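A, B, C, D, E and F label the chains in the order they appear, each numbered from 1.
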Amino acid sequence: MEVEFIAGHNLYWIISLLLLVGLYGMLAKRNLVKKLVGMNIFQTSIILFYVAIASKRNATVPVIDAALGSVDPAHYINPLPHTLMLTAIVVSVATTGVGFALLISIFRRYRTLDEDTLLKRMR
Amino acid sequence: MNDLSTYPSAVPLLAILVSAASVPLIGISARRPNLREFWTLLAAGAKFALVLSLLPSVLANQVAETRLFQVSPGIDLTLRADPFGVFFALIASGLWILTSFYSIGYVRGLKEKHQTRYFASFALCLSATLGVAFAANLLTFIIFFEILTIATYPLVIHKQTPEAIAAGRKYLAFTLTAGVVLVAAMAAVLQLTGTLDFQPGGLRAFRDLSPVAVKILFGMFLAGVGVKAAIMPLHAWLPAAMAAPTPVSALLHAVAVVKSGVFGVVRVTDFLFGPETLSRFGLNEVMLWLAGSTILLASCLAFAEDNLKRRLAYSTVGHLSYVVLGAGLLSPSGLIGGLMHIANHATMKIVLFFCAGAIYVNAHKEKISELDGIGRAMPWTMGAFALASLGLAGVPPVSGFVSKWYLGLGALEGGSVAVVTVLLVSGLLNAGYFVPIVYRAFFKQSENFNSIGEASAWMVVPLILAAGLSLLLGLMPDLFFHFFSLAKQIAAQVLEVSNP
Amino acid sequence: MTSSSRNPILITASRLLAPFIQLFALYVIFHGHFGPGGGFQGGAMLAASILMLRLSVGAERSELKFRKSWGTPVGALGALIFAGTGLLTLLLGGRFLEYHFLPLPDLSRAELHSAGILLIEVGVSLAVMAVLVAIYDDIMEGSGGG
Amino acid sequence: MIEANLPLLVPLTFLIPALLIPLIGLRVPGAAYPLALAAVAASIPIAGFGLFRVIAGGPVSYTLGGWEAPIGIEFVLDPLASFLTLLVSVVSCLVLIHARHVVSVEHPDKRVPYYSLVLLLLAGFCGIMATGDLFNLYVFLEISSLAGYGLVAIGDKRSPVAAYRYLILGSVGTGFYLLGTGFIYVMSGSLNMADVARILPHILDQPPVLAGLILMVTGIGLKTALFPLHFWLPDAYSSAPSSSSALLAPLGTKVGAYVLIRILFFVFDPGALEQRVPITSVIAWLSVGGVLYGSLMALAQQELKRMLAYSSVAQIGYIGLGLGMATPLGFVGAVLHILNHALMKAALFLVAGNLRVQLGHSDIAAMDHRLSRQMPWSMAALVVGALSMIGLPPTAGFFSKWYLVLGGIQGSHWVFVAVILLGGLLNTLYFFRVIERVYLPFWRGPSGRAAANGGPGVVENREARFSMLAPTLILAAALLVLGLTSSFLVNRVIHPMIPAGLL
Amino acid sequence: MYLGLEAALGLLLLASALIALRLKNLLAAAVTLSVFSFISALIYLVMGAVDVAFTEAVVGAGITGVLFIVVLFHTSRRSID
Amino acid sequence: MRKTSLIALVLFGALLLYASSGLPGHGDPDGPSHRERSRVGSPVAAAHYIRHAQADAASPNIVTVVLADYRGFDTLGETIVVLTAGLVCYLILRRSP
């Protein structure tokens, strides 16, 4: 593999690892709060992926700068993924909020947030 | 000759709807038994009249057709009163009248529960049977075939005893599985030939298919319709279903279900595959083997049964295969014999079941070994029983002789000595398991039946009428309903010969 | 969180701080046109200021600023402002959210779009603020607290 | 006005009242239900008109904010979308009529958020159907998902746990979808489905595109409960309140199936795809597992709603089979089965709801033959629904299986044909178990203590009230009517939907 | 571009994610998650996504963190894994 | 469950690795999403936004314009999502007044 490829892709690999960590937290952790932590990590890494694909070498933040003169798309970072991710962040907060509500509701009934204990008490 | 021309008519549809329409009426008048029975009888009479009105035109090669609407692209829900359909519909609707009268006597005599459900299911069954008879294509056929399955289920479990429920499960297991196989086979036919229409002589497209495909399809179809036709080894549900009330058994065995099954066998073999395809791929041999062995085996099993209704059931299994045999011979006389046996066996077997029911209602006896001397107490009933059982054994002049005669002729035409042997042996076996009953009834003495007499007129009159009918049909096969002419006409169309 | 953790300094500090945060939030909402910021961020900051009050001075007194029962209705109102803007342009002959059909006189096409953006940013911030506070309130109430 | 904004109208009909309910509900909580019902009722003629219009004149496109397609968000109402929108409207209207009593008994104090969430759920569904933008679809997916978690969570004691599991797995699903969309976007530069569909043939060999597709399909498969990603479904649907499961079970998974169709057949080209990754075959073979597993598990259940939930897994398998065959007839079968299964499941879940309200439980073991006299109409609806599930003619269920079988034979998929038919038999087993109990005096053990053999007149009438019975019976009747009119539907409505890639 | 900076922050992010999942004290895990959020906001900033960074800072590190802590105060603070 | 999650994780990881081999390099200005025209000649949204945002909505922050104008409907959806979450919390947690 060429150096340039590695340099250009190491961020993707970090993101991939983060996605795996998040997914691991959601699927394998036995504590319900930890699952929610995993979900946040998972969603943040997706956001990171989008922000990463938006970036452009030798380009600046997507706010039109009159000093740069005529508007050339090459001068500005792709704004579309940023926009999408604003929405995604909000969605992630909303989901987390619903998750919290469910956690409280579960705790109120079973006095535990551990999946194994929960399964025992549900019987 | 024999080219059919169709004309649009609502009569086939009306004939089906008239009994279906009586179902809600029966349901509404649940609390007024007389009114409820009136609806049943009215529907039965109207239905028979409608079917009868189709007869003249059919004899003149005019076929009434009701084309309803599309159910699947290119396939309409179509009813066509062709000679074969009218033939079967006449038997079914005619015997329904007798069965209705008899049922009224039977269920009232036993004070059965759920009488409303009983009569409603009965009416629905008949609707479905006529639908099966008039179905112009395979899809329509299967739709009514499945309705028939479901409508019969409440009748099988009617007594709601564990035994009856188990029988109901067995019945559903067999018939629904068969239905599934049938649907798969139908889909394959549609895919391979592009049509599902029944045609006398079968679809030509079959002749160009690969032998393996045709054989597999044939096997699926035979299994699909063979369950209702009780071809061995698919017959097991039938003796079990004897847990049902006797008129139901009569209906199952003589009129609706099993006859729909053999009707289906003939429909599929002669109107879908066609004689030429069958003989080209050697499929008729399979039918002959299956039918022949079923006849012999079932007769042997009938010997071993002490329960009267179960013995009758095994006898039915055997006799149904006569029809299959007739279809498998592929000769005009054989087919005529098979078709005639649909009508003849129906009338004779219904007599036998009516008798069994009458005995049960009056004497509460179900076992043959307990019937010593009953002939003196119930002479009319047992007289009819004797007549019908002789007929089934093939003794002239009862109608069973006619069909067996033609079957034998057909076998000789085809040069099949084995079939002739089967016919002869089975005739002897038939006599062997029926004659002892008659003998016990009339010539043995017992004190069991001193206090009883004949059953109510509701039951005895239909019973004697049916017996008389089977005698008449034996003497003059073409009387009233032109069964013989119809059978000849069907054979001529299917086998494409001018004068069978 | 609980009443025992309250102390006067904290209360005073947060009561002093809250208006400034809110002012800054308003700035963020309206600055969205020119730099980073906008309805969502501003709304979240408004919610943060209210949450700060809830945490420090307690739910009873901070309810004077924002009632508990208001949460979802105000949130719905915010979303309705947004959807209503779209519906208005639709009724005035344009497409949904086609801002230059807004009934504001003497504005150029671009200015109308700018105004439309501002309008929906207000809706978004209102909705976000109200709902985030409502979620907090519901969590507190559901868990038997405040 | 109506013509011009057609694709947007149904989602808006749900959305605006959903926003009004919390506002009005602050003062008048009783207004929530009438408002919701009015919105749903109003959506039926609009959706019906939309379907009529689309069938007559082809797909209608709508640019939001007036920005043309790859720039702005596009809504497209095509035959498939408008058909399913109508389905959602009709089913939800009937379920909502049924729900009034259930909700006012079970959650009298939560009517405002409940009905608002129901409308948001439906708005999400209809938005998913109508949108022509991959990311916009994600947003609507999240709206309906969140509303779904909430609607599940207020059922019986276990429901929050079921809802939590549903939330975690649902988030994995939507996350996968979002990530897949990102892959597609980075390779194609577009989010508009039609635009992406035009670009894809040029870049189909790139790993990120295929990975994106797999991620999207996996994610949506989770939301659809496609076997083996179904494990959240039985808990969620059986512990949800009756009125919620009657909405979610018939519609929720169907919307997922719709998205699968959209992506696999309209955005991607199934023929070109099959040469690279056999994704439709994989779906079909997994569905085989789903049909068998779902049916067998349904057989083992002792509670009606749980049995119905497992049966859903099996029925989704049928839809997956139809899609996975990738033949026109299989596609027709799948779409017809989406329709039929939505109606059947709605009818059966309404029956389960009637049982819950009238008896307080829906345990199969506790049912006996008195039920057929106590609740004759509900039980009749159960029988019709069961017959349709089994696939007996002339009920609607027969015809969808008929097309599936035809599709299987068309593509020479003999195993699939066998599984479809076998599944029907398994359905028979688990439904007749219930029907026998309800209609026949069941004996217990060899000692043979038959259940009390109550004659007519002894049993009190415990039939559900009219507002609950009417929707149940309408749905059951629809199953019979739809069976006989299915050919019309297939020729006039479903045929125009068949994607070009399949023909 | 600041590739080195991005990579370093990315590794830091990965580390904080792992720590947040490993910590048995849930309160500490929640705080770590806030830190995680904050680092991700920094990365967004480095990559030029100012709006996203701002939002993530306000929401991820702010609101979510507060809600997390409130929830943990009312439920259990320890986890066995 | 643990075993199946492990399998799922491995599959997911392999898929990501496979995908990343074909992604354009990080910050590559020639990526398909950064171009002016797509392979089939349709306009690419991002470039269009950068070129026209200020003229279309009189504001220099492109992200805001995209968020609230070009893709305003997404943002409406986002607001609805937030509201939905609020309603769900109300539904689950709030007790009758």
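Some observations on this one:
Going forward, a residue touches a chain if its C-beta (ideal position, glycine included) is under 8 Å from a C-beta of that chain, and two chains touch if they have at least 3 such contacts.
Note that the coordinates shown come from a computational prediction; the quantities given were computed from them, not determined experimentally.
Steps from subunit C to subunit D, taking the shortest chain of touch contacts, total 1.
The interface with the greater count of contacting C-beta pairs, when A-C is set against C-F, is C-F. For subunit A, the chain with the farthest CA centroid is B. Among the remaining chains, the Cα-based centre furthest from that of subunit E is the centre of B.
We define each chain's centre as the mean of its Cα atoms; on that basis subunit E and subunit F are separated by 20 Å.
Taking each chain's centre as the average of its CA atoms, subunit C and subunit E sit 24 Å apart.
Computed from the mean C-alpha positions, the centre of subunit A lies at a distance of 11 Å from the centre of subunit F.
In this assembly, the C-alpha centroid of subunit B lies 44 Å from the C-alpha centroid of subunit D. Residue positions of subunit A touching 2 or more other chains, listed in rising order: 7, 10-11, 19, 23-24, 27, 52-55, 57, 59, 62-63, 80-82, 84, 86-87, 90-91, 93-95, 97-98, 100-105, 107. Multi-chain contact residues of subunit F (touching two or more other chains) are listed as 16, 20, 23, 26-27, 31, 33-34, 45-46, 49, 60-61, 63-64, 67, 69, 71-75, 77-78, 80-90, 92-95, 97.
For subunit D in complex with subunit F, the residues that touch the partner chain are 15, 19, 22, 64-65, 67, 70-73, 108-110, 112-114, 116-117, 120, 123, 127, 135-136, 139-140, 142-143, 146-147, 149-151, 153-154, 160, 183, 185-191, 195, 198-199, 202-203, 206-212, 214-215.
Listed in rising order, the residues of subunit D touching subunit B in the complex are 387, 390, 392-394, 398-399, 401-403, 405-406, 408-410, 417-418, 421-422, 424-425, 428, 432, 436, 440-441, 443, 448, 455, 484-488, 490-491.
Taken in their complex, subunit C has these residues touching subunit D: 69, 72-73, 75-77, 79-80, 83, 87, 90-91, 94-99.
Of all residues in subunit C, only 32-36, 38-40, 69, 71-72, 75-76, 78-79, 82-83, 86, 96-97, 99, 108, 110-111, 113-114, 116-117, 120-121, 123-124, 127-128, 130-132, 134-135, 138-139, 141-142 touch subunit F in the complex they form. Partner subunit A is touched in their complex by these residues of subunit C: 34-36, 38, 40, 128, 132, 135, 138-139, 142-144.
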